[in-house]
Amino acid sequence: MPTIEFEGKQIEVDEEGYLQNLEDWVPELAKIMSEQDSQELTDEHWEIINFLRDYYEKYQIAPMIKILVKEIKKNMGPDKGNTKYLYQLFPDGPAKQACRYAGLPKPTGCV
Amino acid sequence: MAKPTKPTKPPKPEELVKIDYNPPEKPWMEVPVEFKPGTFCYGTRPKYLEEIGFPNPREWSPLDDDWKLPADWKDTVLKGIGERLKKNRAFHLFMDICVRCGACADKCHFFIGSGDPKNMPVLRAELMRSVYRKYFTTGGKLFGNLAGARELTSDVFKEWWYYYYQCTECRRCSVFCPFGIDTAEITMMARELFNLLGCNTDWIAGPVANCYRKGNHLGLEPHTITSNIEFLVDDIEEITGIKVEPTFNRKGAEILFVTPSGDLFGDPGTYTCMGYLMLFHELGLDYTWSTYASEGGNFGFFTSMEMAKRLNYKIYAEAKRLGVKWILGGECGHMWRVVHQYMDTWNGPADFLEEPVSPITGTKFENAKTTKMVHIAEFTADLIKHGKLKLDPSRNDHLKVTYHDSCNTSRGMGILEEPRYIINKSCNHFHEMHEDTIREKTFCCGSGTGLNAGENMELRMRGGLARANAVQHVRDKNGVNMLANICAIDRATLSTLMQYWVPDVGVSGIHELLGNALVMKGEKERETDLRLEPLPGKEDEDV
Amino acid sequence: MYDAGKIIIGLIIFLAFATFPFYSNMGKAVAKPDPKLNTPVIQQMKVKQCVESKKFMRAKHMQLLINWRNAALRRGERLYKGSDGRITEISLQNQCLRCHSNKRNFCDECHNYVAVNPYCWDCHFYAPKEANNEH
Amino acid sequence: MGALLSFFVVIVLVLIALAGVQGAGLYVLFGTIIPYAAVATFILGVILRVIKWSRSPVPFHIPTTCGQEKSLPWIKYSKLESPSGTLGVIGRMALEVLLFRSLFRNLKPELRDDDGPRLVYSSNQWLWLGGLAFHWSMLIVILRHLRFFTQPVPFFVTIIDSLDGFLQIGAPHLLLTGVILLLAVTYLFLRRLFNPPVRYISLPSDYLPLFLIMGIATTGILMRYFFRVDIIHVKELTLGLATLNPEIPAGIGVIFYIHLFLISSLFAYFPFSKLMHMGGVFLSPTRNLANNSRIKRHVNPWNYPVKVHTYEEYEDEFREKMKDAGIPVEKE
């Protein structure tokens, strides 16, 4: 079982670095994960991460990309409300990278 | 493994396509299995197995030397084989009658894409047959290796695991086999054996556990389903000016509609889902969605027959609870293999339902007399034939469409004409791919049977080479830019496949195309298609 | 779903095919072929000897005959030198049938037994007077 | 490897017959006892094997559909490739068994890499042709041989014989099927040897029947055209076997006994080998079922109740969320 070391604790993650236990998440973990990817987390990143966490809290799943895009459009203006912008922020794809930082599991099935 | 590993990216297409089809010098029994990164899935985490009450939940990785199998694993496997031989004639027969003529060898998309001889269907089956001979036939017991028999060892077990998760049960080999030997049947049995020992993959066990408890693979909870669909409803209103009003878990509806949950979540499946919603609204169909039976697909089918039955149970149970007359099924591949060939046997008879009749055309769907479940392509084709839909195919003029027959619907059902009919009525530009790659000879997307994970991307791209190559051909020849299909796994996996091999081709369900073309009563002039992309001729106005 | 009925029918058909030789001969007494050498000509011969040895003729007369046909009709050779040096005329009518004038009791006896239908008689006229010699 | 081994086995079989008959003079053993034992093994073995298969049920309705299903009345469906009823299944099976329909479909993909990878498909019917030639000539040869086992010889055997020899080459007439059989079996063997993937998958048990049949055909041909044996004596022996009145006429060449011993070996080996595909092809559920599983219920005899997640359990877990989302519930 791979782990991330944080404050002397071994936090369990899966093979791709997603948290095994979602309650382990704290904002610092997102930072550690992004540092491992050499990725800087800006306010824009955090906005998305926080939205993902709120959404997950309510629905127990990451939002559809559509929903995410619409949310950004609402908050940051139409020029940023597109998947291209999301991929700029999260080069590995918002569904994967952003969800990982946010401590969400990746969706499985026919997706 | 202390550090999290990132999934290996597949090599570049021009690298990947350098394939050596020459088998090695050594006999195959002496070539040990090698777990190449990017060609296998992670082992399932214990919690999924616990949720469905499966044996041997534990932390493990296929790369571990010790798979933490129970001490009596070998007995379990051999007993499991023995039982299945007695319970399933196909399995028994397919262990015995292969003549190794090799007609199947180059029919497998994984062999074409990898050149690995153990991906030849005949050899994939021999992996198991060799053990069968050793323990279940006199010749094998007496002559061992000379009779093509070998001991079951943990290496053999691992080899099985590796290669039976490199088979998508697409049945293409079975079409070409002079005895109809279907590797899918053997793969299914192998996977059942793995599940006796807790050796599923994470990508299959996860959806199974989700589906069992929450009703669908993705684990969409009831309010998530309604919220997602409401989101699609909003998009439809934006595009057409019409507010469609779907209902959920509504008792007394005439029809229960079941579709794969991928359509409720992932692009481009969601566009297909919009197509359904628009069509049903336009017809004024008395139908309902169910959040409990919210999955048409069945990853249980990639686990064991029993698990498949446990998941499939919900469809009839919910139809009964809601008191509907019959069931309509959305676009999905393995869902239809299950519905068409297994559902009634497992969970029937559905004598509480009525023989399906289209409320719009009065057509009796006699081919669904006992299951009471109609494929939406049959339903829609019938509507179009009877002139019940007003279609403007020019709205799809920006698309040059080709059609991918899904393995399950073509070789496990035989629905070939209806989707083509719908596409032809919804689009002006339709081009078939090479005849040896469609209909019963269609190629798998390379990621079926739960292989559509992220960590085995190289395998998926290899497996999809044959399909992608045929698409590339019509793209180059006819300018095709849209790959239509009737399968949710396809919609997810072909998108990735196209990005890799044929980047400028999109993927869609046929009801997305229909939704684009459908002229609805009282709709506003459409500016965009269902993807909110400007329609041909409307590009300028959009700016 | 066992389809026992269909399988049993299939097995019966298989059995019917596989055992055909056994039941089709059931209760039949099959007489062995007995080619007769009792024609008047042969009876008058001092040395009862064909153009080749009996063993040779039993196994290979058909090859001899076809060689004769080729020699006589295609090359115009009318003489045959046997392995013992004897020279005989190549002629079915005048040579073979002179002694073996009893086609039915000689040739046919074996030919019928092993279901051989030589095409000699497509061209050659089988003298009916010889039929009178038969009993 | 496998080929050599199998070749060696067949050579040993030939030597056994040679030694047994010519050396030890075991005529009764090789002319009567072994053939009877072999035929009995064959018939019983095949039947038992089929019965063993038939005791496993066909739990699910799994035809491989190779064409359009029967659905809407205006859509033409594929009666033979996706049959909806028994008649169609019979047609499909007949095509499969008599003409090797599936093998006829055979394609050969080839990955070319001129200007990007390109998969090119070409039809490849050599195996189909070889297989068909082999099986049909084999059948005709077997039927022809009935002339040794029946008296009077049935008309169909005579007809087959004269058709088979219609070229009227030589005497005895050259029978085409014997030659075709030998050529086809040689093709099948060479294919196994020189086609790398096929060689890779071949087991000794794939070569053994080929060599046996080659040996049988060769000895048969030798006997008929070259080292003539006394056919009258042969028939006396074979007919004796068929009438259960065995006898050993003197003076049949040893090559006949080799021929007979190889045939006996093949017969005895048959039920224990892949040759059982002869019976198996009829039982294959992907071919012998109609594509009517939505029309007619298929019953699985061992269907059993399974643990399910009921709607009640589901609602209990999600009731509040359902109510909030406006989804009707059973219990408020």
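Letters A, B, C and D mark the chains as written, and numbering starts fresh at 1 in each.
Following the convention adopted for this analysis, contacts are C-beta pairs under 8 Å (C-beta built on N, C-alpha and C of every residue); 3 or more make two chains touch, one makes a residue touch a chain.
Being a predicted model, the structure only gives us computed values, none of them experimental.
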Those chains which touch subunit B and also touch subunit A
none
Quick check: more C-beta contact pairs at B-D or at C-D?
B-D
Compute the centre of every chain as the mean of its C-alpha atoms, then state which one is farthest from the centre of subunit D.
A
So, in whole Å, the Cα centroid of subunit B is separated from that of subunit C by 69
Chain centre separation in whole Å, for subunit D relative to subunit B (CA means)
33
Rounded to the nearest Å, the gap between Cα centres of subunit A and subunit C is 94
What's the distance between the Cα centroids of subunit C and subunit D, rounded to whole Å?
36
Which parts of subunit B, given as residue numbers and ranges, touch two or more other chains?
221, 223, 227
Chain touch graph shape: choose line, ring, star, complete or other and state it.
line
Chains grouped in pairs wherever the two touch, ordered by label:
A-B, B-D, C-D
Help me check something: in the complex, which residues belonging to subunit A touch subunit B?
1-4, 13-17, 20, 36, 58-61, 64-67, 70, 96, 106-111
Please output the residues of subunit D touching subunit C within their complex, sorted ascending.
39, 42-43, 46-47, 50-51, 54-55, 57-59, 146-154, 157-158, 161-162, 168, 170-172, 228-232, 235-236, 239, 241-244, 279, 282-283, 298-301
In the complex, the residues of subunit B that touch subunit A are 1-7, 42, 45, 59, 61, 202-203, 206-207, 210, 216-221, 223-224, 227-228, 231, 235, 260-262, 265-267, 269-270, 297, 299, 332, 452-455, 488-489, 491-492
List of subunit B residues in touch with subunit D within their complex:
13, 17, 19, 21-23, 27-28, 53, 85-93, 96-103, 105-107, 112, 117, 120, 122-123, 126, 137-139, 146-148, 171, 174-182, 185, 212-215, 221-223, 226-227, 248-251, 291-292, 305-306, 309-310, 313-314, 317-318, 321, 339-342, 344-346, 348-349, 363, 365-371, 373, 378, 381-382, 385, 410-418, 421, 434, 436-437, 439-441, 465-466, 469-470, 472-473
Touching residues (chain side subunit C, partner subunit D) in the complex
1-4, 7, 10-11, 14-15, 18-22, 24-26, 28, 30, 32-33, 58-60, 62-63, 65-66, 110, 112-119
